[in-house]
Each structure stands twice: as structure tokens, then as C-alpha cells.
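By written order: A, B, C, D and E. Residues from 1 in each chain.
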């Protein structure tokens, strides 16, 4: 394992117990995330992408449980840990300052009864109380980074559009400059135009903060536009990992080809 | 019929916009003010409606309170005393029970609205009913009010924790305990408390509202004594009352737990207590605020048995005496006051709600 | 052959925060749908642009505040009972959200049986079952796998295809499909669109296809209308609109589709003012009474 | 339809242990109530154990009188058994009446909307804020000796608005569901939509409404008994408790007089509450846990 | 059975509690100088006007401690005591009544109590029919009141009666009319005046009425006018509401927080059986025996039959009622008055033996078979119609009168007379009762001074038709010309005179034959006293006074008390 690896997943297996028996949503999965890259996870619906994300984030709720594997997380300036073995306070401290999450449901991920700035404040004070003084400067700066005006800080979530909420979440995600951000379908619920803006902002984040991003999407177009490397999941297994150019040009796995082919192409001149 | 949309969905705009006056335009620019105005209008309608329903309800009950009273007096105090028709006629008039029911109604509403006068009480004739009520009300508010608030606060906190830690043993115990005990009558708990704390252990007084050696006033002694004497009756109400709130808070809490923002808060690495209070609880306690407003009305029922058991000088006993003697003015007065207070409390809460919860739809 | 005509349809709602207290969801919508020859007309636009409103208007679920919707020349809100039944028989929807279209209380078969019974397809149970199975097969669902299940036991794609099976069974002249694929992933989406195209070809159904996704529009072909903030800003054949968009909004939409080719990454940036969209689709405002 | 309802019921029962427990307790109590005349007869062994001065008064529990006798020399066990059935009856009567009225009002108001809703909701709102206790007491002071059924009716006059209010808001939220739209375009008429699309989904709320009205009635009756007003000619649990309190049974050591009825009432409340909570948990889609997203 | 009752064995207590655990009474006066009396739920605290409904705090001590009657009849001993007056006298034709007032008598504010006060009171009540207690006998009989001197008052009557003085004697509870201080009341509107604080003549004055403690504190008047005859030891007397629930109330008694009241027979029995040392129980009978009123109106069918009344009488199990229903063991009643020594003169044992009251269902069935034989359907028929009876009672369903009624109902049903029993409240009951819309009414009745007071109510002329309000007179709609005649004669006679005796006996026999009312039991009301702080209470062996604390006579009990020296807890 090289030094520039942030996350090393080995033999991960996640099982959901249902009344019709156990379902292995993730099986035998090995994956490493390099520092500073944007890694895309592709795959059709139900292939286990979200399950992988929540397992990594340790947000897996019953009936789901990790049944095998290890997840070595190597944050900068900290000693490496097995994410699957940390608990309680240790895990809580690790969260956000080292590992943050950009959820799929931007509609409901913000606390509806708190002003946006208070939701920033919450997480910053929790993990970096020493920055209390800097808060009034930090929040507008972070909002600006994702193209939002400072007044957004004083608004409530229901006063924002979906795209704005998604950008607020992005700003919160990078507030503490984490080592890794896991984004689960960051644009699925949005319009194409706004999707494009969000994709721009995500790219900016890497450029400006140097964060490592893991972006989950079933839209191959998104991967084509954004990621460096792409991993393709199929029925809980990783069928292919590789450089995005290589994967699109020369998919090694049949399924990957199907995935790419199934995108209706606009036969339109490039503008 | 099948093809038409529900009539409320679409609105005729054209006719409306033409007729839009200056005030209307102003109101549509200030939705909060419009909301407040509309809410206040509804308040007035409900107030009037409730007072009217209550009035007619009591007047249409068959029975003659004056005759009953005289009968009671005969039986209890003045043996073999007969009630002359003159006496009855006189008090029929005094209590506003003469004439047809609509003139009675007009007279009653007139006095009530213009003078805040509920008419003379029967249980303490000729003291006006409002004075009788106001005399016992502070004790009831003190006892029931404070216990109700305490029960509410405790219930919300414990209920929230129980919902939060759903699935844990402690939570299950609390929940099942609440299910079982939330309807045990107050007085039963009170009786047991008296038996243990007042008589077996001799720690706390079992009767009255304060030490009669201390004269009422704003002295520390008096307040201390009121607290000491109120502890047992209050405790019985708090204990049982809290169980009810625990149950309902838990029920409100559980769906909130499935919300994405809670998972997100957890992902943010916030401390559990913080997630519970700032994220979970804040999103579910609002219905409880309104429910509390409505439950305030029960204060006016007094808690008859607890008051009787502790010989507490509250409204409950007054009310029961009034009812036993069919003191219409007092009963109706208590009812009116309850209506007024509940409606006003709910009005205030409704006006406050947009401030407590930004999502509240105050335009409807 | 039948025609649905929209003439100057306008829909307003009471809403908070707008200057005059209401919001115009749809302005002066005028267009015609023909059943002969069967066509596919797409309606594209951003979230909140008024697409679903048009669908609800046409389906008679919402009476517009102004304008007329005519079926074979008659105002659909003034039809006689028999005419109304005929209209219903021939104009049927596929809705956006595959989750809430099913009553969670019942098994999914009920939707199909209802269609059989309400529209008198057959009185015979066995025949009805045969029809249902045929339709399910037509949308590549295994009847044995689907029948008898409760909605929450099926995936979104399966549910959406059951709605298609319903259409297949009813064979209406017009299908009003409101974003039927937005919740499905690419593969299932493609299957779905193919089924719709088959329906047109085999059963002569005209479809009003509502979507915010231009690539599906392109895939379907036919005609397209672009709607922005309640107004239809552009219309024409898909190929011409896609290749020579005349309205800047259409152009913006086209530019926002991520080309599935890592070598064709966007180089320029776009700016969108999305702060105006303050009403999340999940919380419809209530009209003031 | 009935089969479907039945399977739905079975499904919900299977899904919640709490619901099942509540239902079992309720069923046991109903059985006890149904057989109460037989049980009372058996206890009396030829005599009527509920007759005044049937036995010595204030007897301590013994083999002959498992729960002892009361101040009028009646067998407490027999009293409790027959009181149980009376309490259940009053709960059922008031529960059914107020639920039916509440549901009708709620559906009319919620589904029709407009001024009908305005008028009905305002009226419900008005009835909601009128404190019921004084009214009930005043009513029963006059209707003191009325039949159980009439007491039930009186109580439901005040309890239907609660049911109406909660159900109305549910109707409001349900009527804009897509499946209602789908039913409309499938030529379903208003009544059919209400009956087949909305009603089943409201069952848990109706159940909750029924349970709370029934509880309210039983509890309300206890409240009335306790200040000495109640239906005449019958003994209900509240009356036994009332007797116990008024005669100071606690200090006398006559614990069966209050412990047994209070335990029974508590058990009944708990059972109904468990059914309530169970239903809500089972029917709350968020808690049902849909697989995947 | 045979395992005994709860009160037979110690409940949750060691076998014999030899000492009293004294609780802290919540009173503002020194415990050892105070007598505490548990009483009813008070609602009035600031008004002492008896002429308006609830215008006066009843049973709060005024009638007992402050207001004094002109005469007292001690029903426990039969002795008539002159109190404010030194005597009364009729002229020979019973048209003039003279009262002589004690010259020492004075009000608590120092003003003398004179015949002018008496005149003021009588004239006020004579003229103001809208006052409670107004009108009535005073309007009917009083022409003028003359006061030749401050100690003498002469009532001139409009028609003759030997009974006008009854209204001024405290026999059953207080007297019907109490003398009011003219200097306080003059110029006041008697329908509004509160008379607060009360000015009266008795040995105690009101110190404090504490509403939030539901308590009245009375203090001994150092200037009391009649100290020679009455000088009670307790410096303070406190009347306080007790908890309505007997558990709490009896525990308070057990801890000697109350000296009087606050406990019932079962708990008292329990205390006695556990060796509680400080309980005195004193039996006393209510002036009114429990009674079934029977309707005599022919409109009620079979109920109008005297034989029916006797059948009912045979179905009353007085033994059972006295032993099992009434909270204390009480004797059966055969007369319509309490078994006080002073009432013995109205009895006639010969008649009582002739018309023996017994529980004899077979005799009842025989009588019933005579008047209402069973018809074809097995139902008893009277004049072609199946009979059924309607019984009412003003008592709540857990009350004793209801229970007594219930017992009779069961027997009637067994004897083939279907009967319903309904408990009605207040005016609903009153309305039915006064209008004669009942067959049997389970309640109470009694003669206060002499039987003629009842016989006069039974005159045929006062029997209205069923449905018409009897205005408190002939509610059982009894009609008997012989009785009318006797009553008219008795109205003019001193009931204790020799001429009256045979007339009274004749009337009694008519009553026994027809039974318009059937007495069941003497109404036993035991009083409970605690000897921890005070001794000298009346006992069953030494019943020197009526022991009821809401009767004026109770002040003489206070006069006999001695402090034990026991101090209250700090």
C-alpha cells in the first residue's frame, strides 16, 4: 500500500438480513482511494453503491451489517485506523474532520428548523472549537466557495432550492478540510442545468482544497465529466476499476460496456 | 363530478384581483400580518361559538336550579322550611333565569362582554361568580399549572430519550411503564403518596395548601410553605401526567428518527445529546406545544379528587360544589373562562409558532 | 381519430412570498395532440416549470383558471357522463413517482384488476387474468413474480412498468406520461422508452411525454416542446430543436447534458440562477380558501 | 375485500408484538365480559352475589369470597366481573358512536373542502375547546339514572371532535396522493374513492380514534362515578373505585376494592394503548423500512 | 365465611397501638387550647346572612358557638331549657304569645339584646316572603308584635294556635327563627347584606375565616353575658373542612388532628379493635327515621290500597336494614319520630302491638293475592291491569336510602310486584315527589315536636291531584275525612293537654291502618370524639347533651370539656 492511499478497502462484505433470507449487498470488495483523486463509483440501481458508502461512513443501520473485510483509513496527520473497528468517541472525532459525507437526499439532509449558519457552526464548534473566533469570516467564505451569497447563511433550508441546498451541503462538507469526502449521488435529484453547476463546484473543491472525493452516481455522463478513476459495481461486486478514459474507451467488463451503451446519445455537434 | 378537481385547489384570480383594495394589497405584501388578522378573526368566531354553545347547553338541561337549591337548604339546614313562590321568583330573576331563553342569552352575553360579569354565584350568593372563581383559581393554577408544566417538560425530555434510544431495554421499560400507567387515576397515586409520605413517614403535610400559622403574602416563609404543602398533590399529578407526555413525545420522535438530517447529523460526528436536542427534539416538539395549549383547559376542570383528597382550596372543589347545587353562573363561568383561556393560549401559540418553527405554514 | 386541444390554458395558485400573492404555474399554453397518426410529443423543462400542471389539466384533475381544454371539440370539464367515460377510456396517465402511485394498502394487482373492471375489458375472471399476464409480459415483467406482491416489495422500475402494463391493457388513444423514467436508472429507462415506442407502433398510442431529460427526448424522437417558467418557449421536431435550438433556454438545457465521454469535458462554465426556485416539489402549497 | 382486510390485519398483527399483546389482552377481557353473567351466577351459587346484604359486609378475602365483600355485603369478585363488562360496553358504545360521527365529519370536511370544510372545522374546533367535564357532570346530574347507552351517547357528544380533527388532517394529506388521482382517472366516484382508497389507509387513525374515544369514555365514566354521578342500576369499575375511596378501603385494608378494578382498568388502558401504538408503528411507512432507497 | 371483616383485625398495623401518634394539626392557634371539628365542604366565608340562599356559612360554628336560641330542647334528655328567654306564655284562647327575655342578654359588640330585636326579626320575616324563612307561619299567624318593655315581647295573632312558639326553640338543629341584632340589620337590604363579621350573643366570636384553609377560627368571648351558666374551657374552636376521602380523613382523626368527627364507623371500629386508646363513640339518632313515602292517590291504582301498604310493610326486612345496610346497628322504627325520651309521650304501645311491624313475606303475598291476584300470564293484576311500581329516592346510588329501597325492590319483585328504583337528584326528585309522580319514595320524614304537625299536612284539602305540585304539604296524597276532623281539633289544642291525648291516639290508629308513610329504622348517627387533648365528651352512658356538632346544643358539650394537658407537636 502506497503512501498516497487514503482508503484501502479489503474483502468488504455487507449483508442485509431480510425475512426472505440474507442479502449480500456488497461482496468481496477491494478498493483503494488515492489521495487527491476523484474516484467515481458507477453501477445500476441496487448494485450496492449506497450500501458501500454508508458502510464506509459507519452509518449502516440494521438490518444491514458488515460481515467481513477491513477498511484502512489513513488521514493525514493521524495514525491509520480500521474504520470498521473504531467506536464511540473515537469514531465521532474522526467524522467530519477527516471523513465527511455529501448525502443523496439534499432535500432532507439539512435540519429544517436551524438556520444554515447554525448548521455550519454546529459542526465546526464540535470538531474545531478553536476556530470559534473565525466563524463569522469562515461561513461566508465557505458559502462563496460554492457560489452562494453570504445572506444564505441566515436562511432556513426550506427557503433554498435543491441546488442551493446541495451546494450548502458541499460547503459544510469541506468546512474542516477532511481527508476524504464521500458523495452519494450528489446530483441525481437535480435538473441538468443545476447538475452541471454542481459538477463544476465539485471539481473546484478538489482544485481549491485538494480534498479526495469518492463520487457515487449511476449516470455515466457524470463520471465522464468529473472523475479521474471509475469503479464499476455490479450486484455488489466490483467488476472493474480503472482510469476514466480507459474505462470509457475500452471497457474490460461486459457490464461496463452495457452501462455505457445504454446512455442515449445526443447526436449533436459538439458546441 | 368525477372529472372536476377538488374545488379548493384552483382559485378565481381575475375577479379577485380587480376587486383588490388597498388594504388587501398591503396584506398580501405582509403575509404575516394577514395571517395574524385572519387567525384573530377565527379566534373571535370560535370564542363566540363556544360561549354560545356552552350557554345553550346549560340552559337547555331540564331542571330548576333555584328549586333545587331551596330543596337542598331544606334538607340540610332548615328543617321543614317551605320555599314560597316569592322566593323562587325572586331568585329566578336574580340569576337571569326568567324570560325566554333568547332574551336570557342576550342579557348574559351583554353582561359578559361589556362588564366581564358572570352574574351572581349561587354557592356564595350574592358574590359574583367571577369573584368566586378568581378566589380559587390561583391555587389551582399554582398546583395544577405548575405540575402540568413540570409534567410536560419531564414528559418531553424522557419521551424524547425513550424514542431516541428506541430498541434499548431502558427505553422499552419506560415505554411500557408509560403505556400502563398513563391512565392510572391521579388520586390513586395521590392516595398512596399520602399514605407513605404523610402518614407512614410523616415527612410531608397531607392537607391544605399552606401552614395556617403563616399569613399569606409574598414572604419566603409563605412560599416555602406553599411549596411544601403542594409537593404531594403536585407530585401525583406530575408523575401520571408525565407518562402521558412521554408516550406522545415518543410517538412523535420515532418518525423523525428516520429523517435524513438525523443520519447526516450523526455523520457530522455531533455529540448524541446535541443531535437529540437540536436536531430530533426540535423537529418534533411543536405539536406538543399546541397540545399543551389545549391541555391547559383541563386546569379549569380542576383535579377534583386530588383537591378533595388534599383539601386544597382550588377550583375543582368549587366546581363540584357549584355543579351539585346547579350554580349555573359559576359552572358556566368556569366553562367560559376555560374556553377563553384555551382559545387565547392557542391563539398566542399559533401566532408564535412561525417564530418557533420556520416551516409553519402561516398563510393557511 | 381524436384530438386534444389546449387553448390559452393558464393555471394560477395562491402562494406566499410572491408580489401579488399568487403564482402562475402555466401561461397561455396552446397546443394540439392528434391520435392519428400516433405521435410522441415530448415536453421538456426544468423542475417547477409547469410540466406536471399541464398533465393534471389534461387529465381533468385540475381545472385551469383560464383557457379551454377540448377533447374532440368539447370542453373536457363539461362532458356528459357518457362522454366523460369515453374521455377517460382514451386518455390515461403514467405518473412520475412510482412509489406513491400505489395504494400501500393493496396488492399491486388491484391497479390492473381495477382497470379491467372499470373499463369493462372483460367480465370473465380467467380472461381478465390472461389479459393482465399478457400485459405484464409485454413490459417484460414476470407475472408470477409480481402478482400478489405489495407495492413496497417491488422496485421502482417494476412498479413503473406495472403502470405501463396498465396502459398496455387499456390501449388508450392518448398516454400522458409525467416523468415516468426520472426515477429509473439508465438501463431500465431504456427498456421503458422502448416499450413506449412499441406501443405507438403496435397499438397506435399517442404519448405526451413529460421529462426534464433531453437525452430521453432525443431517444424518443417525434416532436418536442420546451417549457420554461410556465411558458412554452420552443416547439418543433426533435431533430431540428436539438440541432438548431432557437431559444437560449433550450440551448442552456442542451449544454448541461454531461457528454458521456471523458475526452469531451466541459471547458467553459455556466451560471444558473437557481435561487428563484423556492418551492420544493415535495411540499405543494395549499391554495388559500 | 373482507379477505384483504383480514390478511392486512393478520399482517399487521404479525408485524408488531405490542399490537398482538394488546389484542390478546383485549380479547381476554371481552371474553370475561361475555361470560360475566355465568361467572357471577357461579359465584352466587344459587344466590345473587350482587344483591345488597347478600352476605356480611366488609368480609376479608377468603375461600368463599375470593375478593371479600363490600360495605353493602356484596361479593367483590362478582362486582368486579360484572363491572368489567359494563365498562367495556360503555367504551364500545362511546367509541363506536364518536368514531362513526368523527369519521363522517372528517371525510366530508376533508374531502369536500371549501366552505363545507370551513364550517365543519370551525364547529369541531369550537366543541374541542369547550371543557367537557363540567358539561358532562351537569348532564349526568340530570340524567343520573339513565341507561348505559345514553351515558355512552352523552360522552360521545364530546369525544367525536377529537377523532374528527385528526382524521380530517389525514384525509387532507391523503386526498392529494397520486393513487387518488389514479383512481379518479379510472372513473372512481367520490364515495368509492373515500371508501376504497382513503378509508383503508386511515384504518390505523380510525383505530386510534376509536381507542382513545373508548378510553375517554371509560375514564370519563370513572370520573363521573368518582364524584357520585353515573348510570344507575349497573356497577362499573369506576363505581367500585368510587366506593373504595369513599369508604376509605385503603386504610381499612380492603385492598381488593380498589386494587383489582384499578389493575383491570390499567390493563385495559394499556391494552388499548398497545393496540394504538402498535397500529401506528405498523402503519407508519417510515418505520416499515422499505428495502433499498 | 366467618373469617371476619376488615375492621375485626388489625390492618397493616401491630396488634395494639397503645399510644396515639399525634399529628400536627394545621391550625393557627395553640393545639392544647383548641377544639378542632371536622365538617363539610365550605363555600361561603364572607357572609352570615341566613335569609338568602347560601348567604351564610353553614355548619361553620355560627349556629353552634355564637347564635343563641331563645329556648333549647335537649332531645337527649327531654329537658326544655330557657336560654335567651326566661319563659313563654299563651293566653287562654291561644291568640296571644308572650316571651320574656333575660335582662342580662347582650350582643357580642356590647349592645343589649332586647325584645326590640325580637320584634324586628319577626316583623322582617312576616313581611318579606322573598327571604328564606320569610312568610310561612309568621305571615299566617302574626298580626303585631308589641314590646311593652325591653324584656317583654307580645305576639298578637290573627288566628289561634298553640304551636307558634315551636319556631323559636332549638330542638332539631337550630330554631326556625333566630333573633337578629336590630342595630346591625336595620337599614340594610336583607337580600344583599352579608352581616360580616357576624354579631351574635353566644360564648364565642369569629376570629378568622380563612378561605384558603377552609377554616373558621372562633375565640372565646371574655365578655360573654351568661358566664354563670356556661363558661367553656377551650379558648378556641376551629371548624375545618376535612378531606372527603375517608382514608385521609380517618388518618387525620387517628393522629388526633381533629377532636370531633372526621371518621366513620368502620374505621372507628378498626381503631377500637386495634386498641386505640382515645376514641369515644357516642350514639345518637337523627330526628328523622328512614321512611318509605307511599302514594295514596287513586290515580296510582293499587298503591292507593291500604292493603298494598301493609303488604309493602310486611316486605321490609328491618332487621337486615338495621344490621347490614345502615353503617351502625340501629333499631327498627315503628313511629314517625325519633326514639327520644321527649317523644315517648306520643307513643301507644297497645296500638303498636296491635299493628305489629314484621318481616313476613308470606303475609304480604296473601294480602297481594287478595287485592291483585295473579292473572293468566302469571302477573299480578289490579282492575284488569298488570301492576308495577315505581320507586324513587333522592339518595345517590351508593347512599343508604338507595340501598334500603333496593332491598325492598328485591322483595317486591320476589313477591310478584315488578318494581323499578331510580335515584334522582335535586329538583328532578323534588318535582316528581311534590307532584305525586311516584309509588314509593325511599327517604326520611319526621315530626319535630308533636305528631299533629304531620297530621295537619295530611288533610284531604291539601291533597292535590297527581301532577299538581303539593307545595310541600300532602305529598302522599292521603285522604281520610276522619283524620281531617281530628287534625282540625288538634290544631286548636295544646298537644300535651289531656284532651289532646285521645285524639292523638285515634289519629295514630288511622295512621297505622292506612300507613301513608312507613318508617323503617331509627337513623343512627354516631359521633366520634378524640380524648387526646380534651375529655368530658358525652358518652352512651352519660348522654348529657345532643352530641352533634352542628346543633346549637353542642356548645354545652364544649362547656363540659376539660383539657388533658397534652401539648401539640411543635
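In this section, a contact is a pair of C-beta atoms (placed from the backbone, for glycine too) under 8 Å apart; a residue touches a chain by one contact, two chains touch by 3 or more.
Please read all numbers here as calculations on a predicted model, not as lab measurements.
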Problem - D-E compared against C-D, more contacting pairs - result: D-E
Completion exercise
Computed over C-alpha atoms, the centroid farthest from that of subunit C is that of chain E
Fill in the blank from the handout: subunit C to subunit D, mean C-alpha position gap in Å, rounds to 47
Completion exercise
Whole-Å distance, C-alpha centre of subunit B to that of subunit D, is 23
Problem - subunit C-subunit E separation of Cα centroids, rounded to whole Å - result: 88
Practice task
Just give me the whole-number Å value for how far the CA centre of subunit A lies from that of subunit B.
Solution key: 50
Practice task
Pull out every residue in subunit A that's touching 2 or more other chains.
Solution key: 45-46, 107, 158-159
Practice task
Can you tell me which residues of subunit D touch two or more of the remaining chains?
Solution key: 113-114, 117, 141-142, 184, 187-188, 245, 250-251, 291-292
Problem - Sites on subunit B at which at least two other chains make contact - result: 2, 8, 62-63, 187, 191, 195, 305, 326
Handout entry: subunit C - residues contacting subunit D, complex
Key = 56, 59-61, 85, 88, 91-93, 95-97, 100-107, 111, 114-115, 118-119, 152, 155, 284, 289
Practice task
Going by the contact rule at the top, pick out the subunit B residues touching subunit E in the complex.
Solution key: 62-73, 75-84, 86-87, 89-91, 122-127, 132, 135, 139, 187, 191, 194-195, 198-199, 202, 205-213, 216, 305, 308-311, 313, 317-318, 321, 325-326
Exercise for the section: In the complex, go through subunit D and note every residue touching subunit C. Expected result: 4, 8, 113-115, 117-118, 176-179, 181-188, 197, 200-201, 285, 288, 290-292
Practice task
Spell out the part of subunit B that touches subunit D in their complex, as residue ranges.
Solution key: 1-2, 6-8, 42, 45-46, 49-50, 53-54, 57-58, 61-63, 179-185, 187-188, 191, 195, 247, 251, 254-255, 258, 294, 297-298, 300-301, 304-305, 319-320, 323-324, 326, 331, 334-335, 338-339, 342-343, 346
Problem - subunit E contact footprint on subunit D (complex, rising order) - result: 51-53, 55-60, 62, 64-65, 68, 71-73, 141-142, 144-145, 228-230, 232-233, 239, 242-243, 245-254
